[in-house]
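Here chain A shows up in two complexes: once beside chain B, once beside chain C.
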Partner chain A sequence: MMATGNIWRRGLFSAASLMIMGASAALATAGAARAADSEIVVARAMDLNSLDPARAYCDTCQIYLSAVYDTLLTLAPDNKTIVPDLATSWEVSPDVTTFTFHLNPAATFSDGTPVTATDVQWSLERLKNIKGGAAYLMDSLKSIDIKDPHTLVITTKTPNSEFLGILSATYVGIINSKLAMAHGANDADTASTTDTADTWFLSHSAGSGAFTLQSYKADDALRLKRNASYWGKKAQVSGVIIKQTADAVTQAQMLQSGAADIAMQIDPDTAKTIHDANIVFTTVPSYNYVYAAFSPIAKGSPVPLTHDVREAMALAIDYKGAIDFTVGGAGNLQPSAIPNGFPGTADLPAPVTDVAKAKALLAKAGYPNGFKIGLEFPAMDVYGIDISLLAQKLQQDLAKINVSLVLKPETFNVWAGDIDSPGVPFTIGFFAPDYFGSAQYAQYFGMMAGMPWGKRAGVGTTPGLDGAAELATFNKALAAAGPAQEAAYKEIGLQMIADKIILPIVSPDLVLAYAKDISGMRYSACCNLPLAEIVKH
Partner chain B sequence: MSVHTIVAVGLRRGLFSRFAGRVSWRSAPVILGAVIILAAIVIAITIPWWSPYDPIALAGRRLQPPSLEHWCGTDALGRDVLVRTLYGTRYSLTIAALVLAVGVSIGTLLGAVAGFVGGLLDSAIMRLADITLSFPPILLAMAIAASLGPGLVHTAVALIIVWWPIYARLMRAQVLNVKGLDHVDAAVVSGAMPGRILFKHIVPLCWSPILVNMTMDVGQVILLASGLSFIGLGAQPPTPEWGQMIAEGAGSFYSWWIAMGPGLAIFLVSLSFNFLGDGVRDFVDPRSRVST
Partner chain C sequence: MLRVILKRLILMPFLILGIVTATFVLAQFTKGNPLISIIGARALDNPDIVAAAKARWGLDKSVPQRYLIYVDNLAHGDLGTSFRTKQPVLDDLADRLPATLELVICAMIVGAVTGILLGVISAQFRDTPADHAARLFALLGSCVPMFWLGLLALFVFSVQTHLLPGPGRLDIRSDPPNTVTGFMLIDTLLAGDWDGFVDAFRHLILPSLVLGWSVTGIVARMVRASMLDVLGQDFVTMARAKGAGEGRVLFNHALRNALIPALTILGFTFAYLITGSVLVETIFSWPGIGSYAVDAARSLDYPAITGVTIVGGLGFLIANLLTDIAYAAVDPRMRSAA
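And then the complex of A and B:
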């Protein structure tokens, strides 16, 4: 009896255990299914100017485009290595002008249409001809030849060792050409005036990425849903809502209340004040930075902004103090306009503060008693930095050499217009990379004729800025690879430091803040925040 | 001695005794308000001589909470919030004084002329005032300040444009009341010039409600000017103006002390002017007092 009783009890215990295990497994499966079906909410101040890959040019655009439009190549998590995306393999000619790509035959757009070489050609030509903010990426494009539906050859005008990196930029996302053309898009030379698809792209997407556009309401939310027929590894969440949230404080409050899962514009000072076991804060170095800049040819400066004057002002800036004051020390000094970690930046000399030398230089330039000059800047927060605060810090610093700054805060759009016309003698700006590669910085900040800051600084007319040597070095960098390329970019970096036109002030760390049930968060130099890798447990 | 002079002298003679006779526990808010306003004026005038810190220079470690060294803490640039708040008194009181001095001058002059002359000129001035008053004050001030560009002077101009019609209406109504009095008829009969009748026999008897309104409006002007600075249309950094300081504090929400100083200052000064305005109204217009 006793034995029988034990058997019964053991049987009952085993049955109960099995039932509990079964129930647990069922619950776990259901939990996993729920997690996979759940949406994530990203609280973010959106700066979207368009949802059309050829017209968009902003930080939020990078997040959206990388989620919806696959590119030929992309950037590995180390933020340096180029890895396949739509192209499974590629060959580069020895002179770095011819690039052959083999597309993945399995790749399809979200409507099931195969991705072909024609779509790639059309998308790249259109990006060039729309002449949007990111069109400069296609400046070196000469021709695209289609060998077969899954093979194409791209030729550049000059050697371009960074072309593979350029193709990982989110703006070079591949579009379903037939679908887009049916709604007013075209890739003709006249596309900048004849392409009418911008509005259609605000409510539709035509990519081959892990998500598709569900809806977009300006100043409200951008909603993405998982591409159920994605040809690659499917997204881990059913959808993403990027909720317009203007400031860091509100983003932090939404995170604390559970109204948002992710916020990535919380400044380090605010992050330090939040002690919540349910929120994870990860601080990572970024390639973003904020800089001060001179336009010696701009009207409105009370004194000629000669090299001595520029150097004096650069020496008066307390760079370490600026990092402390704007991001609570969570940032880095940046020597040149090429961000730390990019090719050619190793061992560049960090900016220094020397008030005595600055005063001596000003006296030598003929201004021992200083002068008063305006500082126009966009009154906004970027990368966790309040630019108004930074402007006030510069005002404090330059007062030490009797240079009195008159602060002129402007809206972003007014400032962006003013720096080109009529020009601003002294300003503050900011920059984030479009891909991993130093050429974009040489192109934007280099003292070369025709380049944006080259024009603003007056290359060719401003003494000491002839542009020829820097252009030669840039061409050398584009034609080289490996250490030779690094050496050429280092030369450009040193020249940028010597020019004293662009003065990088702060390279802030990026605060990734997210709920503890979120994983897969990382900062990408090309894509900002790769949404397809995020998991909600 | 004209009739209005007799009235004015009579008022002056009884001024102190009337005030002293009315002091009671109900006067406490008025006295409190007057003391705070007096203190604010003294601070505004004298602060450069005794301030321990420069309002736009580094005073200590950044983002320090209130302590014995920095009673209201420090802001994101390490500036002393209390010192900046006290310096802010200069800007707020100056802008209020400027707006009311110019706004009242323009408004009362136009209102007096409109009420006295009447006819087409009256209609033209009053319709202009009506149009201005038909816009919500903050909206109109924002539109004007935005079109002129940010800055304290432009803020003052915007507020003057918002404020003058109030006083034009008030003065016109007073002039219409007074111009029917006997002493005015006597002046007309005696052949006095219109200008003399208006400015010597009518306007001096119209100031009571203007004075009351001015006192009450100081707080409103300070609030509106701070509001314009808060949204970036008024004072610009690094000016220690209260609205501008609150805007900076809003960006560092968890460092609550940055906005606390200027916030309390706006509250205290506006409330004090309201208390004082109530007192002045009770004093010059006994009918408005509530019997208890």
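And then the complex of A and C:
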């Protein structure tokens, strides 16, 4: 008994001693940084669904793909002009259906293999046939003819003045076809079920970009290293580590402690609380936005969501107040579903708040005492906006016209499924561009038959939403260029405003937070954060 | 005792199969669409893309067919491929489980040692300032939200004073050692990387203390209550009457008996923390199984959900078994009863 007691006591004291010794050792080495060169660390909540260009579809995917896979064309820093990347020059036929590209003969993949027209053809056809999230970008692809190893002609089914913009999307990255095929990739019509390369892409890259994949561990870190034999201007940093950091406050703390060099998901409110001379905050307008939307044909609405009802609810929303409430004023009003700065958005009328008119419209629609309706939304933070908070703001605003919102927060997966089937009468959603161009918005939000929100709104059955006029304008925009294209998209924008199906609420500014020894930071409409331009001094 | 252990081990596969069946069936009836994690929300209205994804991931088959395929694969050691990470679930778990175990073991050591000490002090000095202070400390451990405590700890010790490193298991800029066990402390030592070991140890301190404090709260209150009960019993009075020193009375006689209920709590807390340490893992960017479980549930990643459930179930079963063995070690009556 005595011996056992001593063991207990010794055990306790030993454990305590070990802890104290351990803590002492830790404190003794406190602040000792391990080896670091010009490698940079980006703290970010990664939403990667794949590292395969044909399967990836997410914000972080854009950062990764633009760093590792060059595209035929890319977007200039002005976020408007299409400039050469792998293609040095190109010609477009007058009917905007035939696109001839001349590849840079100096372009090589990271293993030294030249980039050829065959690789381009293979990559584009694979993107189409894999049927991943970004496959819609190749919807208009009809054929690709190879004229010589550095010249190819792409034909689209219908006129597509946005095809050059589409080719600058990061998902259209050009892959080393021989290398990928050796690891299970293919571009056949059956690729969606026969291509088995997605696991290989998780540990290897096959691009011609400024970086190559070093390693990826899901939910931990994505490591890129500089492509030492890059054919273009070499990256300024030796490597990039994107560290999974789910929480925005933790991202800020990592930046403050020096554990990270860049954080780009810090919300404006958190940014205001940080006063550190070693950290630079740059706020830039983004092309991302959060919107409210109606599905007049969805079951569950207590009243028909007629145009008058939709307009009344739209007029009751305090848009400026919503920007103050959700992002502390660091955002912009957005008139239509096409984001500010994209073709056709100049001089569109900003959304207005008019509670008296809203009440009158509601009375005219037969609901002077209002009604109660559900608002289903994804309960998550996106672009620095807490959507639950925005839902509460809408609840307060609509209460002013006696429309009582019953908030129904859901996980993203449940919400995204519900808005398609069975449908949600009133919801909140969000959107970010895949490339610079307005067609993607017309195709997603336009009141046209077959388009996602057109279907949800009941184009063809809902009064006032016949879809024909908007489709004609859209086709006109796709066949036009310059001012004519701008005018056509403006017409679509105005129609979207008049439809009162999609109500953009907040276009939040993007907070780029980084250490003061970092330069070259910018936000890109196609690539999110172009890593190759970043310099660590 | 050996017979009890063997009986438990034989029953374990059947219990796991029951857990797998229940999880599999419940997951199928959960609201939401798992395809969103695979193809993204935007492609959901494209029937070609949806059909291709369903065929590729086996979601075009009926639930009973999928269940039979899953069980067959499970029997061959295949837990399927995660919809979200696109990697075999077994590999995902093998990556993440050691990270969580390393954290939870350290937190349990912190929580058990401090909890037992505080419980003993609290009982011995009942209703004195020492008792009140110990109880307050324990209470705070139980009720202060871990995410807040984690953020505060990072702010004070990492951002302001630079005494300890920030989130992660190692300095993100350093090269991790070759994975042998997955335990960073062990792998750095096996690699002969002393700096790496110190770095890994330093990264463990804050999350272990934060997670351990919650264990402290539970254990201290349990030990205090048990100690108060035991200290009032005749054998303690007898020990004192025979002239045993107070330390010997406390640790040899009283604590040993008072520890029995605490062992149950420790066993179940350990098993719970394997999948329940998600908040600390999130705040400290710790790539463990808790955050994996939450992400799997959010994205309706059926193979990952079932894989995590198997690990969680096994954790509880093993913890239960170890608790019984520990009971027997502490209490001779249990040995004879077994």
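In this section, the second predicted complex is superposed on the first by the 500 of 537 C-alpha atoms of A that agree within 3 Å, B and C clash if a C-alpha of one lies under 4 Å from a C-alpha of the other, contacts with A are read in each partner's own complex, and residues count from 1 in each chain.
Just so it is clear, a residue touches a chain if its C-beta (ideal position, glycine included) is under 8 Å from a C-beta of that chain, and two chains touch if they have at least 3 such contacts.
This one's a predicted model, so the numbers in the text were calculated from it and none came from an experiment.
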* Asked: Is the number of chain A residues in contact higher for chain B or for chain C?
  -> C
* **Which superposed partner A:Tyr435 touches (first chain B, second chain C, both, neither)** => neither
* Asked: If you stack the two complexes on chain A, which partner ends up touching A:Phe325: first (chain B), second (chain C), both, or neither?
  -> first
* To do: Go through the superposed model and pick first if A:Asp198 touches only chain B, second if only chain C, both, or neither.
  => second
* Kindly classify A:Phe109 by the partners it touches after superposition: chain B alone (first), chain C alone (second), both, or neither? => neither
* Please work out whether A:Gln395 is in contact with chain B alone, chain C alone, both, or neither, and reply first, second, both or neither. => first
* To do: Look at A:Phe163 in the shared chain and tell me whether it touches chain B only, chain C only, both, or neither; answer first, second, both or neither.
  => neither
* To do: Examine A:Phe342 and indicate which partner it touches, taking first as chain B and second as chain C; both and neither are also allowed.
  => neither
* Now for A:Phe426: first (chain B), second (chain C), both, or neither, which partner does it touch? -> neither
* Partner chain(s) touched by A:Asp386 [first = chain B, second = chain C, both, neither] -> first
* **Residues on chain A lying within both footprints (that of chain B and that of chain C)** => 247, 249
* Complex contact set, residues of chain B against chain A -> 56-58, 62-63, 76-78, 150, 232, 236-238, 248, 250-255
* chain A touches which residues of chain C in the complex? -> 31-34, 36-46, 48-49, 52-53, 55-56, 84-87, 92, 95-96, 109-110, 113, 116-117, 147, 151, 154-155, 158-159, 162-168, 171-174, 195, 198-199, 201-202, 205, 247-248, 251-252, 255-256, 282-285, 287, 291-292, 295, 298-300
* **Touching residues (chain side chain A, partner chain C) in the complex** => 1-2, 4-5, 8-9, 12, 15-16, 19, 22-23, 25-27, 29-31, 33-36, 39, 41, 49-50, 57-58, 131-133, 135-136, 192-193, 198-199, 202, 217-221, 241, 243-247, 249-250, 253-254, 256-257, 259-260, 411-414, 416-417, 420, 444, 452, 455
* Structure fact -> Listed in rising order, the residues of chain A that touch chain B in the complex are 247-249, 269-270, 273-274, 324-326, 328, 379, 381, 386, 388-389, 391-393, 395-396, 407-409
